[in-house]
Structures are given as C-alpha cells and as structure tokens.
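First chain written, first letter: the chains are A, B, C, D, E and F, and each begins at residue 1.
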Amino acid sequence: MLNTYGNIFVFFVMGFLFVFMSMALVKLIAPSRPNPEKNMTYECGEDPIGSGWINFNARFYLIAILFIIFDVEIILVFPVIVNFRDNLLAGGGLAAFIEIFLFVTVLFLGLVYAWRNGYLEWIRTVRRQLRVEGRVTKVKDILSEEAEGRG
Amino acid sequence: MTNAAAQYFRNIKDAVRTTAKGMKITLKYWLREPAITIEYPDRLGEGRTADDIVQDRFRGFLRLDSSICIGCLQCMKTCPIDCILITTEKIGEERHLTRFDVDQSKCMYCGLCVEVCPTSAITFSKRFEGACYDIRELCISHIHQPAPVAKPKAKEKEG
Amino acid sequence: MTEFLSDEMVLNMGPHHPSTHGVLRFILQTDGEMMRRAIPDVGFLHRGIEKIAELLPYQAFMPYTDRIDYLASICCNFGYALTVERLAQIEVPEKAEYLRVISAELTRIGSHFVGLGALLLDLGAVTPFVHALREREVYNDLMESLCGARLTHNYVRIGGVSYDEPPGFREKTRRFIDHIEYEFLDEFNELASFNTIFINRMKNVGVITAEDAIEHSLVGPNLRGSGVKHDIRKNDPYSIYNRFNFDIPVGHGKFGTMGDCYDRYWVRVEEVMESCRIIRQALELMPETGPVRTKLPRVFKPPKGEIYVRTECPRGEMGFYLISDGGKNPYRLKIRTGSFSAAAMIGEVSQGVMVADLVTIIGSFDVVAPEIDR
Amino acid sequence: MKISDLIALLKERLRDVIVGIEEMPNNDVMLEIKRHDLLPVLTTLKKDKELGFISFTNQLGVDYGDSFAVIYNLYSFALGNKLTVKVFLEKDNPEVDSVERLFRGANWFERETYDLLGIRFKGHGNLERLLLPSDWEGYPLRKDYVYPEEYHGMALKRKTLFEE
Amino acid sequence: MHNLAEIIYQFLAGRFGQSALLEPVFTLAAYLIPCIVALSLVSVISGLLTYFERKVSADIQNRIGPNRVGPYGIFQFIADGVKLLMKEDIIPDAADRFLFRIAPYIVLSSTFLAVIVVPFGGPFIIADLDIGLIFIVVVSSLVVVGFLMSGWASNNKWALLGGIRSAAQMISYEIPAALSLLTVILITGTFSMQQIVMKQGPWPWDWFIFHNPFTFVAFFLFMISGLAEINRLPFDFPEAESELVSGYNTEYSGMRFGIFFLAEFANIFVSASITATVFLGGGNIGLDPYTSGIAPQLFMVLVFFAKVVPLCFVTIWVRWSLPRLRLDQMMSMCWKYFIPLSFSCLVLTALWLLAFNGNGVFWRISG
Amino acid sequence: MPAQYNLVNRLNEDSRMILTTVDRALNLARANSVWYLLMGLACCSIELMQTGGPRADIDRFGSLFRATPRQSDLMIVAGTVSLKMAPRLKRLYEQMADPKYVIAMGSCANCGGLFNLSYSIVKGVDKILPVDVYLPGCPPRPEALTEALIKIQEKIKNERYLRKKE
C-alpha cells in the first residue's frame, strides 16, 4: 500500500536520475578535449603550490560542537513544543511553559558561557596562535622554486 | 554592562535602519528609474546610426582625404609606433601616392598624425566598429590606385 | 582553549583574480581563513614605459602617459607636461591652465568612482558599483566631447592643451558636478557608505598610523587617510591650484581607528566633493576665449638639466624625474607613482587578517596595476 | 624655507661630505655626495630635528654612460622643501648601501632599481627582481641594453601588417 | 486522502478497477507522476528565477538585462541550460574523482527532497508528512554535505575554503532557522505543513506572522537565516566571487556547475515557499483544500505562488542591495544576535500563548 | 542505382536534416549564452567593466561574467600581455572548458600596439592563443566590444556542432 516514505524514496531516486541523465547527455554531446594543462588545478593561473588536502585549521569545529549541543537540546525541546498547545487548552499551560522556559534558559546559559569564554570569537584565537607559532615559510623559496620549475 | 547592552540593541537598530535605507534606494530604482542603456547595434532609435552615439570629437578610425594630401610624410614620421605607411612614386611629372596604409590594429588613436598634418588631409572619423576575424582586415589601404598628390601650395593656404 | 594544529596553506591570489584590480599577484600564507601574511608579486603589466620614453621625442611620449594610470590619464598627462614645461620654461596660456585643472579634477572624480565602486564590488555590493559606472558614463561623454576619447584622453600637450572647450561644455560640466555633489553622492552614501555591514567590514581593518604611512612613503589619499594633511596641490602648488579654495580631507577615524580602510575610503568620497568645488570655481574663473596652446618648434629640445616635479594624482603623488641631455628624446624619465608604494604597503598591513580583509585592504588602497609596474 | 637658506643649512650640517650642491629647477636642491657617505648623510637628513627629511618620495638609478648614479628624492614636512641626493657609482661595480632600514618605503624602489639597472644595494633584505620575471637576463634601462630575441619561446618581434 | 499519491492512486483505481495485477503499476504511477511533475516544475521555476534575478538586477542597475532570447529574453534560462549541457566537463587530475562527481547529485537530490513537503496550495502536496517541518530542516542540512564534498574533492584551495565556509555557515544558521520555525509550532502544535496552512486563514490577520509580535520578529529571523541557508548575499560566503573566485564550484564546469546553479535557485524557491507556508498562510483561501472543487483548488495554487514570488523577489532584491559580511561577523551575527533573539522569541511566544490563552493579536477580528 | 534512392542514404539525409535543425537550435542557444571570463589586464579592462555597466549592458545578449575559467566560454584579452603574464594567460585559456573563444581587445592584444617599442610585451596575443575576433581601438568603446561579441555569436551560429564533418 502507499506509504508517504515511498514518495521520499522515489524523489531521491529521481533527483539522482535527473543528474545522471543530464550528465549522460553531456557525455553524448559535449566535447571532451582534456590535456594536462587543462586538468591542472585552477589557482588564478599559477602553478598550485602544494595540495589542497591539508590539515585545515577549522576553528569552526568548535562551532560544530556548539551546534551539535544546541541541536540535540532543541530536539529535546521538540515534544514539549508540539504538545504545548494541547497542554494549554487542557489547562496545563503553565507547567509546559515552565518546562520550555527552563530548557531554553539552560541552553541560553550555555550560550552565554561560550560567549563569555570567547569561543564565539574567531579572530582572537588566531592572533594568539600567530604569536605562538611563527611558522612562516620563506616566500623566497617558493618563488625561486617556481623559477626553476619553469626554466 | 548597561553600556554593552545599549550597544547591542543600537547595533541591531543601526543594521535594520541602514539596510532598510539601502533597500529603499534599490527598490526605487527597480520601480521608477528607466534603463539608460543604448541598445547598440540594432535598436539605437529612429534614424540613428552607430556614429551618432559618439561625440563630435571622437577619435575613431583614421580617414584620409587623398585629394588634399600633399604626400609630405609628416604623419608617417611623427607616428611613434609606425602605424602609417606611405609610399610615393614619381609617375611622369607628378609625384603620386601609391600607398597609404593605416594599421588600425596597432594605432593608439593619439592624434599626433592629425595634429601634424599641414592640410588636414588625415583626420579622425567617428567610426569605431572594426571587429574582424582576421587581423589583416585591420590594415586599411586608403589609396587603391596611384593618385597624384596635391600641390604643396595648399599648405600655405591652410597656414 | 585547545589549539588545533594545522598546516600552512600557501595559495596564489592572482594574477587572475576578481579582486586584485588588474594583474597583481599575492602569495598568501594562510592558516585556514586567517592569513599569516600576503606577499605581493607585481610586474605582470611591466610595459617598460620608462625605456620607451628614452626612445621617443618629448611630444610623442605624451600618449604613453595616458597608460600609466589609465583611470586618471589627464593627471598623468598634466604631470608630464608640467615637468617638461618647467624644465624648458614654457609659458602656458591662461585658458589652457584652467582647462587642464578642470579636466584633471574631472578625471579625479571619474577615477575615484572606479576606486570606490571597485572596493564595493569586492565587498559584494554590485549595485553601487554599477551606479558609479553609470555616472562615469556621463563623465566619459563629457571627456569625449572635450578630448575625443573615453579613457585615454591624451588631452594635455606640452605648452597647453590640444583643443579648446566644445560649445556647451561649461553648462554640461556644471550640471554633472551638481548632480554628483548634491544627488549622486548622497544616494551612494545611503546605499553603500553608511551601511552597517559595509562599515563593519571596513572599520579597524588595515590600520596604518601616520608615522607608518610616512615611513612607507605612502602618498595621496592613502597617506591622508592616516591623518597626514599633505596634498601637493596645497603644499607644493603647481599650475593654478593656489587660486582655488578647497580643503584637504584627512582621515580622522570616522567610524573606527584613524588610518583604517574606512578612512581611506572616506577621504576619497570627500575628495570627490572637493574636486567638484574646484571645478565649480574654475568654471567661474575661466576666461571665455584665448589661446590654449603655445606653439612649440617641431623638433623640440629642452635645455640640459634635471628636474623632479610632483603632481597630485587620484592615487597620490605622481612624480616625474626627468633628465635631459639637450637632445630631442628624454635621457631618463623616472615615473614615481602612488600605487607603487601602496602595493608594497599591502603586504605590510595584511598580516594576521582574514582573507576577506585582504580584499578590503587591496580595494581601500585603490591600486592600479600599470601604475605599479609601468 | 627659501632655497638659499636650505643650501646654507645643508652646507652647515653636512660640511665634510658635500661634493656638490646646487639649485635645481622647481624649487629643488641637488646634493651630490660620495658613495660611502650615503647612509650617514641620509640618516642625518632624516633624524636631524631641523631638517626632518622624513619622507622618502622617490628613488631612481640612471645610466650616465660612463657611470651610474642613484638619485634620492626626499621631502621634509617640517621645512616644506624637497631635496635631491645624488650618488655616482662606478660603471663596473655599481653597488651602494641600502637605505631600506632607514626608510622602509625604499624597499621596493631599490628592488626596482636593481631590477631595471642592475645596481646592487648592500644590506637589502630581499634584493630580487621586482617587475621582470626572475629568470630575465640583462637590465633594460641600461643604455647598452640589447632587446632579447625571445623569452621562453615567445618571440619579441612581430611582422607589421604592411609586410604581410 | 492526505497526499497527491493517494489521490492519483484512488483515481487510477477508480478508473481502471482494482486488481492485484495492476496495483504495483498504480503505486508506481502514483509515486512517479507527482514526482516528475514536481521536478520539472521546480526546474522550470528555478530557471525562471535565474531570468528573474537577471532582470531585477538589471532594473536596479538602470540596465535592460537579457532581452534577445524570446520575448523580453524570457527563454534566456533555456539558452543557458543548453549551453551548459554542451560545455566540456572537466575533472581535474588532482581531484578526488568519485566525490567530485557525486557532489552535485547530493546537492540537487537533497534540494529536491525538500520539495516533497511543500504545499503548493490545495491538495497539491506530494507527501504531507507528520514531521513536515522537521523534514525540511533535516534535508536542507544535507546540502552542506554536498557543498563540503565538492569543495574538498576539487583539491583546489579556493574550493576548499568555500566548502568549509558553507559548512560553518549553514550549520550555524540552522539553529535560528529551526528555532524561529518552532515559534509557529508552539501555536499550531503540529509539524504537518498542510495542517500549518489550514490553521491559518485567508486574511493577513490570520497569518502567523501577525499572530503576535514575536512571530513577527521570528519571521524576519527566519527570512535572514534562510538567506544564509541558501547562500545568498549578504551571506554568500561559499561562493564569494571577489574573495574565493567562485568558491566551492570553482573547478566545476559545464552541466555539473549547472546543477549547482539549478540547486541554488531551487533552494530560493523552497526557502520562499516555506516562509510563505509557515508565516504567510500558504495557499489558504478559507476553504478545505481536499473537498473543494478544482477551481478553488487551482485558486489556492495561485494564492500560494502570489506569496512565493514576492518572497523570491525579496531574496533577489536583498542580494543586489547589500554588501557581503565578513566570515567572523556572519558567525557572530548568528551566535550573538540571531540565536538569543530566536530563543527569546520562542519563550515569549509561549508566554504570550499562556497569557492570552492561545490567541493572537487579531483574534477578535479573525474570530 | 543513384545514391539518393538508397534507403540507408535516405535515412542518413533525413537525420542530417534533423541534425542541422538541432544544430542550429543548439548553436542559437550557445550563442545567446556566452559567459566571459572576468579578466582585466590593463586599460581595456575599464571599458570591459563599462560594457557590463548600464550604458552598453552586455547582459542583453545573455553574457555575464564568471570569475573562474572553468565556467566561461569567452576570454576577452583586455589589454597588454607582458611576457611575465603570458604563460599564465595561456594556462587560463587552457583551463577554460571547450568550446571556447577569444577576443583580442584593443591594440595591445592585437599586435602589441603602442608598446611595440617595449622589451617585455607579447606582440599580439595571437602568438600564444588562437584568437577568434580582433577588435581595434585603444581602448575600444563598449559598443565596439558589443560588436565583437556579436561577431563571436555569428561565428558560433555558423559552427557545425553535431555534424563534425560532412
């Protein structure tokens, strides 16, 4: 029998098919003339220096962790919110409100804590790190390497 | 603390106010201001040609009036990048211009040749269209068959 | 707080990059989004103009000065003509002086429009930029009717200017500057300059103190943005600038610290208004008729000597150091441009900022590639 | 300050090292000094309270045929005066002290002069080609410079359209 | 009968009779027909939106905009699409080929998935899920995976920066977006999109945006977070043209890029329709969407689009008016302004409901 | 038997007809969606910007700028190409996706123009790239660039895309 989730599945498959078919069409009618220069990584017309796959300093990891905390807690508050109206009409509105309020307050305190500790500042951490490390490659080397490579 | 809080709300207010102001201006443009686009090349308006959209003094392609050219080669000599080539030949008694080529692909439209011309034989036209598939088309010959040069007398007249 | 250790990313910004304003290249050493430093690499537009000057007669070099700073070609023409005139002691007719000043100031307006607009474009605001281009079209028409070209005007000649004003020029110019000063700039500021997002992007970014600015030989609006009141039009007046009444806008930390990107930006906005003031006065004072050009001998040879003349270009001091050996070509011509020292400065101020800030900083210096490379 | 006053002042301050001092057109003073005096002289010019030539406006190298010269243009905010300092260098060994430490803005100017004229600056931190590619040969602004035929396979000459 | 699939199934069964043999065919048809219609509809809409965007930007900038292909250039998007189909498809040597290829699939599929629960007015909703709103929130965060994937797989530093930026941005703005939607859930008590529409009314005072002052604020919070979710200026960090050349899709050419392009504009549409549904009453004209006749149902669709198109316009309008923020400002704007504000909206709405017994500001008018 | 009565040939001809029509339609689409690479080298870049600006409005022809070569069809070499820049320019051209076109805008790109006397300039961009349209002017007016774009469009329309060889 029909299931709404069947729709989702079909949609997902159709989305894939859509892309697949257009790509197949591209294969059919678009030219393909690869050469090493063309398949080189674009970096503003220069030889790329090093790979793009590096250990990326993503300060947003922290943001991601914060996000997960918030998201999980929001999910916890979902049932209360959905039932808030029913509770209200049934006369239990105050309790539901207090419940939401407590939840949100706790979350909010968490945010304030993160804020106060500077986890929401992006620049501060980096400035400090810059001072600490001072790992700076000599640009001279890069330029001379390039010249060698070309010559 | 109150300062910080006041600042916090002032930030929100400023952001909203200035954003709204900016968006009001763009909305005004969307609704009211007409486009100023000149629809070159095909919808310039009644009876207007491409030459009409440039100003009078526009320095377009060089133009030669071979009837008053005295063949003094001043323009060729004064051009810093040698984009004019003139050859003259004595055919019979008179000097004839046999070649007057202007390399428009190289020309920098500076006007030195026009200024130096004693008879105003070489002038700027208003033509600016010259896109082509072959660069050789841009070497424009102004003389197709040898033409006698004008008498230098004209020079004195022009002053 | 834990420090995540990360590799240093070295990436090229330019020579083809939307926000490097021509062909500049910056080698960025970044740590994620944060930049450790940016090393400018210039010379992608090195055309050897100084060498060409040695190969050409004095008058024939004039069109090349257009291309030194293509946004302000008349200012460059002006500077070069002034240098040769001062060396050869040529008198310039009164009217030509006025026409030079008017056209140079108009060029300044046009140049600043591109400078301001391009900065805004780099910050993602396309509409103000296009509006600035729209006003530039009017300016271009004006200049075209005066000089015959839209960009490389080649208007100033040694000993005067090439053409007299066309009919109706004064009226059109007056209307243009009125529109700029009273309508367009107000709207532009509402739309862009006073936008909170824009202010936040610009303030306290790329701060240069006055000492630093002088130390690094910054000139023009970049120097004035740091609060140094120095304008060659006032301090070392040339041509007829001492007849006009105008102010020198300096940065004073309008929204953030003195000498930040916003100050440099705002100095340019105010300079547009000052230019309008100068043009208005010049239009009043300009004689109705008169010669516009001193006749020079066909083979023009200035006396032997050396001279250094500075003029105020939209990008700051435009200095011509001319050495003449008495021949028909210059012996050596050195062109000192504002963008040259500004480009060197970009590397200095862009340590420890974000990649997005680098774009702001480059834009706020308003560098033009051929001015750096020549 | 008047030019004559400035010349007197400079003569007083830099008595021992001046080779020549003369007036230049456009309210300028030309001060000629010996090569090894350059750094002390510029230091004096900058640090002296009364002179205060703190602004380094321009620097250029010149090939005079039989010798090179490096010319510095300075400006004093205090006096409102320009000053041109000129140093002659030998043709075969064009080397001069770098003033990069003194005026930080001189960094690129010196690199450019090195790039285009081959004048070396002793003590410069990063004396490399600035405008031309790093593997370029020769110094274009020298009077005896011969244009290269090609660079990395790209010919420098082009037939004019008239020839085609 | 709460979704299109069922309607079609019933229709087919009624027409051709029910049998065990035909049932799988009916089922497939019931799934496929709305799916294909919706897909093509959304593709065409996003194509038209690209045209719309170019025209609006042209008008704002005193230009004319595309006017050569078809009347007023309306078929410009078809020309663009065809051209993109015919462009070479470059995969750089250094790239991770599998991830590079798969990224557009994920971006487009997850964008299209969100369309499932968009009520186009009347009965035209592909699946009226009980968890409709959460479904959208969940699915839209799948897009991040695609962006991150494309940025990483390109092995291009600009693309990498773009991908990372998109991740940071989209997960951050997920919170205020979800919280501001929750304020409405407080009022409705259900996540079903159709229910949300039906709980509102035809008139502005019936809409949830004007239910109380806090939903009014939440509406704007959602609009702006929505801009960030779909990477529009002033939040277009993942593809900030002047900073990152072209961001995560720097290395993508031809149709692969076209798919990102399509997804971007489809996202605008989805975001606008969610806003219209949740805050502006969707296609509600005061009639029951399932039982009324075909004419009112089509009118509902019209009403729905009449609300969506201005919202799309606002999205485009903002893009051509404002400069871009900086990354850290964008993050602090989210964490310091939007999240606290949306929290307070949530709590204050609950308080409002408690104080006024579940009624809005205009409850007397709206009855 | 004459070739035209052969069934296979007939089918071939029909399909060729169809291909021609399809080809024309595809070329029409392609010609009306020429996206150019945002690359300003020198003076001409200002006129390139103005061409995108309100007066000339190249967007009318469906042309808009892309910052990355991967997504652009047209490279407008707007200005002087120095020897230092030339390898980069060539690489950018190579990195564009096929089909691609080049406009040499202005005298410098055509043949070195006024910098013919210089030691560090590529005398004409056609020495390093295949140029489709040459555009004179120093710099050319925005309208002239529009005209060059129309030339490119004409070229595209006359191309045989599906039928590689007759």
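Going forward, contacts are C-beta pairs under 8 Å (C-beta built on N, C-alpha and C of every residue); 3 or more make two chains touch, one makes a residue touch a chain.
Being a predicted model, the structure only gives us computed values, none of them experimental.
Contact with both subunit C and subunit F is made by A, B, D, E.
Steps from subunit A to subunit F, taking the shortest chain of touch contacts, total 1. Between subunit B and subunit E, the centres computed from C-alpha atoms are 49 Å apart.
Subunit B and subunit C, compared by their mean Cα positions, are separated by 24 Å.
Separating the CA-averaged centres of subunit E and subunit F is a span of 36 Å. Contact of a single residue of subunit B with at least two other chains is seen at positions 11, 19, 22, 25-26, 29, 35-37, 39, 54, 80, 82, 103, 105-106, 108-110, 135, 138.
The residues of subunit E that reach two or more other chains are 58, 60-64, 86-90, 157-158, 164, 241-242, 245, 250-251, 254, 320-322, 327-328, listed in rising order. Touching two or more other chains at once are residues 29-33, 38, 40, 42-46, 48, 56, 58, 122-123, 143, 150 of subunit A. Put simply, subunit B touches subunit E in their complex at residues 11-12, 19, 22-23, 25-27, 29-30, 33-37, 39. Contact residues on subunit A toward subunit E in their complex (touch as defined above): 2, 4-8, 10-12, 14-16, 18-20, 22-23, 25-27, 29-34, 36, 38-44, 48, 51-53, 56, 58, 60, 63-64, 66-67, 70-71, 74, 77-78, 81-86, 88-89, 93-94, 96-97, 100-101, 104, 107-108, 111, 114-115, 120-123. Interface of subunit E with subunit C (complex): residues 57, 60-63, 157-158, 161, 164-165, 233-234, 236, 240-245, 320-329.
Residues 56, 58-64, 317-318, 320-322, 337 of subunit E are the ones touching subunit B in the complex. Here subunit F touches subunit B in the complex through residues 54-57, 60, 103-104, 107, 110-114, 116-117, 124, 126, 131-138, 140-141, 143-144, 146-148, 150-151, 155, going by the rule given at the top.
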